[in-house]
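Labels run A, B, C and D following the written order; every chain starts at residue 1.
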């Protein structure tokens, strides 16, 4: 029940959908249509995992009064406050200029600025690493850095000052050698994904079962 | 008014995150925690409004889609993950989603990322009327793909003309590809910074358009 | 020994100085504004030409498949294509691959229809033109004529009218979106019975004319993750739906194989790609000015030069200081 | 590992399908590209199953206006490779197309009466070919096994309709049980499955299989030696991802091997973790390694520890560790995101030897330029297979290698043919490409 049934579900589900791909018959299509209706519903509930573990971690912190426990309220309050706002004010979900709402406000003016700013911090870090860590230590690293510099200059308008050849060379690298490397990686990764799919479907790889007790 | 307050709040949090560049501080920590809560809270509300309500609750209430109780019950099993003793029940919905998703994606991935790529790699490198740099590029592309594949081939030692030279060319091609990725990644990170500066200088301070 | 320590001191420079330098490099060009010209590449031109060939009888999808983290790169792409489609009266279905993308899509639509922003399109909500719709007036030209004869005047500065349900439909987010794409190949309405504002799709003229992805002429996905691949895997490979990418620079290099194999029409890579599209819109008279992506390119130039300079200086210090001898490994390839 | 046999019935099911399709009398193997999307119905296929439709005389609705001619016989065919929900409809153009703007195609279930039963299923402009696939419109679906009737109206610019005669289809739509357009995917999928399971079985039986030594492994040993000489600790970061990630699993295998070596030299080890589950497993791996090295006494329970789940806080923690403890060697193996840059930068400043390995393509360039040795993509898996000698891993690497060999063979073949074509002016490559090119089908 604990291990065999989930493994069976994976195997039956996997083989069924794989075989289904090759069968255009109406019964096979009916199976598939049902699946496309069910999967989003089951998938929507998967949120429980995220919400549950976040709640558990932070309520634990608050109870134990661990270091910086106060900040856990900053997670928990919006976590439950946002859906609550949406329930008491359902039309506000659509957002937009016509119906300014607290719900929309939190998203557009707190979530969006914070998240985009956090990612933009990387611009600073990359500059610092450029000076302190990116080294042409070997022939390979040297080629890499040279290609990077050509592409970097080629992609910005100032590159045209040095002549058309620079952006053109950058594009040539992108279109041919880069394509070759990425295609080889895509094929390799593709085979890797396919092999993993097979291993999971046929119960060879079972790591995903972990974390829920024996 | 609503917009103005919004932009001031947004600017405050933008600066709060940037303050981290100088030193870690409580306001940064507050912002860092808020974003976790809001994003998941928003996701919950949107998921309820767009999925559960129209696809599950409304059909169920209308009374003739009882079959939808099956995925609903399966979904609810996720909760058991937090109930010691029956936590293993949460494997059922995971197994359902994972198994079927992999079954669906297997032939499609095979087609998109393997067979179509093979098809494209087998294009003739020369056709009349092609400029020289394109022909040269195509030759580089074909040999480059082959060489890079050799580099990732583990069943033979990297020795001899074919495997030895092949893998050497392969790693050079891979490095050119990574160089391009490097350059583009730098570009992307800078772009994100540009977005924020446009927000601060434009939307907030109106110093630029 | 003292020479080494000089180089070492240089390398151990407090990184906050570098942070400051990059900060200055990205603010100053904004204030000066060089407006250096940008040439366009085939990858972007092919998308532009394709969209330019569409008219009111066609329809496109724009997928806002990214989270706020990469909005600086992705939003200008979505906005540019949205404006192009509005200009050519091509109906646009707007979707989102992930919940946070739902908000981003709303934001982009708001940006294009906001009267405070020059070159906006005046949007007419679904209820407002219900009478005309019920009277069977759904052709864009007739619709505008009837709407304006009812006493509605186009506000000053607006580029045109856009009618919700005729010119755009905000469908938004749905979970397990790859399956939603698959489902839409048979019927869009089955996947989205209502739009994000609760309007029934069945009453929308644009849905009546384009009932499934088979009747849609392009899916443009702007994305910061591999989400964009779903449109190829589930849309293009199944029914031949033409797909175009607008991806962040970080992802862009990975998808060149898809361009060469013809699986996508074209690709905008990062802010540069978005700027190119803005230039094309401007040069073809579709917009009166270029927008945020183009203005950002000056900063991009300055910042790239600074970073290259930093790499060169760092390497000089590293080799001149003899640090490379310290860590050399025999096993290194 | 009795699960192996399960592959066999699955493979058989898949391989049975083409057999079934042959039984259905479909020749699928080398059919030229049949694109279901194209609405072009070839002359041949119409001739093959032509169903001439008899006009149902008594239902003649109205005499056509002499001003506008109406279309002739309507041909209805069952479409291949569908779920019985599509029909190919074509009709003869009127002799005189003067004044015709478009044709409206109406359909109803045979036997139904009255004007309401008719549904307008397609409008074909006069300048398009008089044929289309019926059933794509979700509002008017076609049901398998149902007999339909069609009639076509010629339409003037002013939307005036002139109806032709009603025709009853002689075929009913039927679903097929094998999609002939997908044979190439089936062959490729079957071959892939076979190769993977073949090498799996071989590895499990204990057959020795060759994997080339990977240069990175030598570097790992050397780096451990270096730390021992200097008497400084070693830092090992097993990535920031979860246990599901293949990279994490590979990293933990390598950790076992590294820890074993470290146990022999008695060098201090530090393993910070971001995911609680990965932490527990990493702890077990290290403990086991010390046991195997015969030094369980040297195992320090604090060497493997959980730091925090927040990405940037984790980086800050590890960076602090690097600056305080000054480890001689840093390993970053597993899945990394944007933090790769920050970790490797601090590490390179602290003067440590750094060895990285990940399958995250976007992070690899940063590792290559900041670290002393980098395992690129699949090298990480291969290294773990090589070190772990685990049949599961080796089988997978070998199986994928075989697939790559096939791909390389095809590309080489294409190259050779392209050269021959240029030299001899033939079109062999086109022919080969036609064989492998898959049509877009649903």
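As a convention for this text, contacts are C-beta pairs under 8 Å (C-beta built on N, C-alpha and C of every residue); 3 or more make two chains touch, one makes a residue touch a chain.
For clarity, every value in this text was computed on a predicted model and none was experimentally measured.
Path length between chain A and chain D in the touching-chain graph (shortest route): 1.
Most remote chain with respect to chain C, judged by CA-atom centres, is D.
Measuring from the averaged C-alpha position of chain B to that of chain D gives a distance of 16 Å.
Computed from the mean C-alpha positions, the centre of chain A lies at a distance of 4 Å from the centre of chain B. If you average the CA atoms of chain C and of chain D, the two centres end up 25 Å from each other. In chain B, the residues that reach two or more other chains under the touch definition are 21, 32, 39, 42-43, 46-47, 51, 104-111, 114, 116-121, 141-142, 145, 149, 152, 171, 174-175, 177-182, 184-187, 190, 192-193, 195-196. Residues of chain C found to touch two or more other chains are 11, 19, 22, 26, 67, 69-72, 100, 103, 174-175, 179, 196, 237, 250, 253-254, 257, 260, 270, 272, 300, 303-304, 307, 332-333. Touching of two or more other chains is recorded for residues 182, 185, 189, 192, 312, 349, 361-362, 365-366, 368-369, 372, 377-378, 404, 407 of chain D. Chain contact topology: the protein chains form a complete graph, every chain touching every other one. The touching residues of chain A, counted against chain D in their complex, run 11, 15, 18-19, 21-29, 57, 118-119, 122, 125-126, 128-129, 132-137, 140-141, 144-145, 148, 182, 185, 187-189, 191-192, 194-196, 198-199, 202-205, 207-208, 210-211. Looking at the complex, you find that chain C touches chain D at residues 11-12, 185-187, 189-190, 211-212, 214-215, 236-240, 250-251, 254, 323, 326-333. Residues of chain B touching chain A in their complex: 2, 5-7, 9-11, 13-14, 16-18, 20-21, 29-49, 51-52, 55-56, 68, 70-72, 74-76, 78-79, 81-82, 84-85, 87-88, 90-110, 113-114, 117-118, 120-121, 133, 137-138, 140-145, 147-149, 151-152, 170-187, 189-190, 192-193, 195-196, 199. The residues of chain B lying in touch with chain D in their complex are 24, 32, 106-107, 110-111, 114-116, 118-119, 121-126, 142, 145-146, 149-150, 152-158, 174-175, 178-179, 181-182, 185.
Within the complex formed with chain B, the residues of chain A that make contact are 1-3, 5-7, 9-18, 20-22, 35, 37-52, 54, 56, 68, 71-72, 74-83, 85-87, 90, 93, 100, 103, 105-124, 126, 130, 140-141, 143-152, 155-156, 170, 172-191, 193-194, 197-198, 200-201, 208-209, 212-213.
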